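Common to both upcoming complexes is chain A, partnered first by chain B, then by chain C.
Now for the complex of A and B:
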């Protein structure tokens, strides 16, 4: 919790800045609609966190979100009765893609950067082939409710957030971080490194499925719906102070990072900054966040034990 | 030639050094001893320009100097050789020696000049086991140390600081290091020698400076003191006889191997009994660590019988009640950026057993971690305290057999005694203990029985209290025995 403080402070400042320009933001409806808009990215960040903290990457989540939305539209095709079976299928699809990412990375020992980059291209190509560039079909009303109705979106987000926090406190979470910090020491302590990583990738896939479900309702069906989301999620996680390479940072901070990023976009929007600058801003934020992490202020976590100072080096 | 007077330094308001004086003359070997955290490393880093000092003066050849950067210290003739070397493994010896100041001829790096100069220095040091064109990654730790020394010489260093130079060396390599130090001495170079091993201090040094809690205790001529004197000065108390008393009763067999083997080990017959500490001796490469890893299941035996089970994986080993305190705490023992508590609970969590956070405090007190701060990241702990955390990690699963691989390497005298006491305590509680150590006095002082390995086989077993000579001759395979 202590380590989440800097990002929570930044978030508070940004939210205050938004509220000054747009007082509606202070009303429950205004604030919750912001949370609804941020929900998919926060959920993706939680999934991405699990992978990053174990020392890996998942670049495939953006394409996976697109696939989820396109598949949902095609299979439901406006049929209300198909909603729930398709929702279940989407979760299974996310799970499966994550599992493949995890299996290729851990069992075939392909670096996850390459595995998930490959998966991103495979999924993008598959969507293009399948839709010919223009997705067909339509989502049902019940499906769209998740992304559109603030209550449902916020509820989904809260469930995911609570689950993520509990997961990180459980044996799974603690061993996951230990793997990211020192894989060899973890293995020699009896941690099932392959299995734990596999689960992390799978959960990242599931988080992309859930984010896709929300985004489908919120943003509608298109072949671009998930574009760039993988980088937004990574930016959000890094912004939360989670170190690339693993072993450090909390899931709360990662999710706060996603809210912060979304708040920043909202603020730029309010000030009339062109939407085209979104990527530029994101790039600057990403680099700045890593730089800030690299020059971590030593007094924040300096040892207070006398005479143990030399052990740092 | 070097005089440091009244050196003081604080980090973040915590005083780590105050009023330390040090004077060194050319051709002298000056040992610096003190417990971990006493401030030895900080003092040396000030000399090497890594840290700036807050108080005091440094004079070299009567001229007052102040180093803001390691390069300035280097130019003034100070070279420091750290425990972990700063060599590029994929480059050759001479490329490493001349890194960043390669001789240039017609706009290109003059390799011939580099190789010639390096070869000359190697010859001067009497090193003929490798040449200037050898890739550093193919060299042993001892040879890499030679490269560091050659680098220092090529920089015309007149003061060479060696920080725990024998920590990573095997017993027979230490002799080579001694020879190197003496060669440096002959060239009129002053050597500042930091070590935990008192034997080296007595073998090599002319003077000893003792530092405790950041303060100078004394500087004495080595010949005027005994090792008991030094220990007393370092810890401020007597460590009576160094080692806890041996076991009186040996219990049932906890683990037994017959004819165990894999690609590194052959025909291993070994029995570990409750209440007993079995020492494992052998030269580097004799298969000591491999034996521990095989018994534990990390690099399993592929042949032979083993009771209660022959583990095929770490988890099987742990389930059978075996724990391994690895040789290298930092790379194999701990998740350094996690808290003391998370590290202590790692094994129970990994094994899916209920991890009781409430029990951690009690456990840390049991392993005598001071202060027992559960939230502290382990990388901020001293070597001794880190090792205690590793021990705590295994005690959570109540092991029947504990294998220690170099349990006190890089650990200060006080913590060392605490770890020895703990090992004995565990043995008395019925744990079967195996201990690998390169430090013969420790091995002989602790073990109830010493098993000597040579080239992956058991060369022989010696009783408690055998002489160092007996162990070494078995380990080295001298014909006389």
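Now for the complex of A and C:
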């Protein structure tokens, strides 16, 4: 929890800044509408956190979100009765893609950066091939309810957040961090590294599915819906002080990082800064967050040697 | 696992370029300016920046603007029920030098891309047009996938295929000009959609153009929104010539009106982003009195943003995509939909056959560019067609309609 403090302070400052420009933000409706808009990114950040803290990456979540939305529209095609079966199918699809990512990374020993980069390309290529750039079909009203109605979106977010926190407090969370900190030490002390990482990737896939459901609901069908989301999610996690390479950082801080990023974008918009600057800001934030972490660490923690049990023992 | 920071930053930078990688072009006076300039009204474009619209685009060309605005009220020549065969103020040129014996003809097509719904609908329509003509033995088409360099090599490759005529839909204007010039000497060339900076093609086919589109939308808001009303302008992305003209004409209309443009924002054509922007503006200004859009891709999301905020949808503009027309009809919106008709994809095939038969064609083939209004909405709303289908495809009577365009029978 101590590690989450700096990001929570930054978040509080940004929220206060938004409230000064836009007093409506202080009303429940205004704040909840912000939370609703941030919900998909927060959920993605929670999923990304699980993977990053175990020392890996998932770059495929953005294109997975696009796949989820495009597939949902095609299968539902405006038919209300199809909503629930398709929702279930979408979760299974996310689960499956995450499982493949995890299996290739752990069993075939392909670095996850490459695995998920490949998966990102495979998925975006497949979407393009299937739709030709113009998705077909339409989402049902019941499907869109999750993203459009603030109550449902916030509820989904709360459920995911609570589940993520409980998961990290359980045995699974501790072993996950142990693996990210020192894989061999964890393995030698009896952690089933492969299985734990598989679960982390699978959950990241599921988080992309849930984010896709919210985003599709929010704005409808689009073949660009997931563009750049993987980098936003990674930026959010890094912003939360989670160390790339794994082993350190909390899921609360990662989700707070996502809220902070979204608050930053909202603030830029309120001050009338061009949308084109969004990427620049994101890049600066990403570098600054990592740099800040690197500068601070030597004073707080003893230097760590990671990934090599011999060097430690 | 250690992470390589330079790699992810490089990847992030790549994504940024991919997202923002729209092509841009310097402005150029197209030959279209000659076609209707004689009847142009006095310039409406003022430079007064008082209404919040910012500087005029560097893509703005006064002569083209005047010509396009004038063309809107001119009657097109040709069959009224086939707008894709009509031409506004045509200046016919002889094609006797290209005449070939009766078929079979081999046509070639260098296509800029098929990566958006507009080009998808157009490309299907063009293929259907080819199928209507038995004298066409073959259509060889290459897709440049939105890349100038690929299109340049595509055009060179097509010249070696023994085409009787070459149709080009250029990806960008300036870069493709030398490639088109190179082809002109060997085969009759037909250019459509975007132009090139040479008059060597036999004919250049296009709807009236971007200025007319932007002006149609802006004038509607000027008429419907009381003076002092707050207008939000939503654009896809900056620096794209065909979109810059739309905005610069709208800017001219807003500058000379009493409306206040409170924001000009870029959506990247992303519905979620558009919805978020509108949401922010509603919060910042309490309400908006009108929304101007340079294309229809995110119109439905914009209307929904007002609904979700619990305020009535103000007068707004869109395009001829079915999802917006349906929303317009169902919710009784106050709206207008200028169009950039996809039926223009039929015309190059018709032009190619005319040229190969030695018949005259217009040097600049200006197709009519209707706008959909409340009165004509019912005519263009097609509930059996997919949401992203463009109503002005001119494809309703073609074989395979509506299934080939993704629609359902009946």
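In the analysis below, the second predicted complex is superposed on the first by the 296 of 313 C-alpha atoms of A that agree within 3 Å, B and C clash if a C-alpha of one lies under 4 Å from a C-alpha of the other, contacts with A are read in each partner's own complex, and residues count from 1 in each chain.
Everything below uses one rule, namely that contacts are C-beta pairs under 8 Å (C-beta built on N, C-alpha and C of every residue); 3 or more make two chains touch, one makes a residue touch a chain.
Values in this document were obtained by computation on a predicted structure and should not be read as measured data.
Applying the stated contact rule after C-alpha superposition, one finds that A:186 touches chain B and leaves chain C untouched.
Between chain B and chain C, C touches the greater number of residues of chain A.
Shared-chain residue A:22: touches chain C; no touch with chain B.
Of the two partner chains placed around the shared chain by superposition, neither chain B nor chain C is touched by A:194. The intersection of chain A residues touching chain B with those touching chain C, taken from the two complexes, comprises 306-307. For chain C in complex with chain A, the touching residues are 1-5, 7-9, 11-13, 15-16, 19-20, 114-117, 119-121, 238, 263, 265-277, 279-280, 283-284, 300-301, 304, 308-309, 323, 386-388, 406. Those residues of chain A lying in contact with chain C across their complex are 21-22, 24-25, 30, 33, 37, 55-57, 59, 111-113, 117, 128, 132-138, 148, 183, 215, 218-222, 224-225, 227-228, 231, 234, 244-246, 266, 269-270, 272, 274-276, 279, 282-283, 286-287, 290, 306-307. Remark: chain A residues 171, 174-175, 177-178, 181-182, 184-192, 247-248, 298-299, 301-313 touch chain B in the complex. Note for the complex: chain B touches chain A at residues 11-12, 14-16, 36-39, 41-42, 45, 213-214, 298, 314-315, 318, 324, 326, 331-338, 342-343, 345-347, 349-352, 355, 371, 373, 376-377, 379-383, 385-386, 393.
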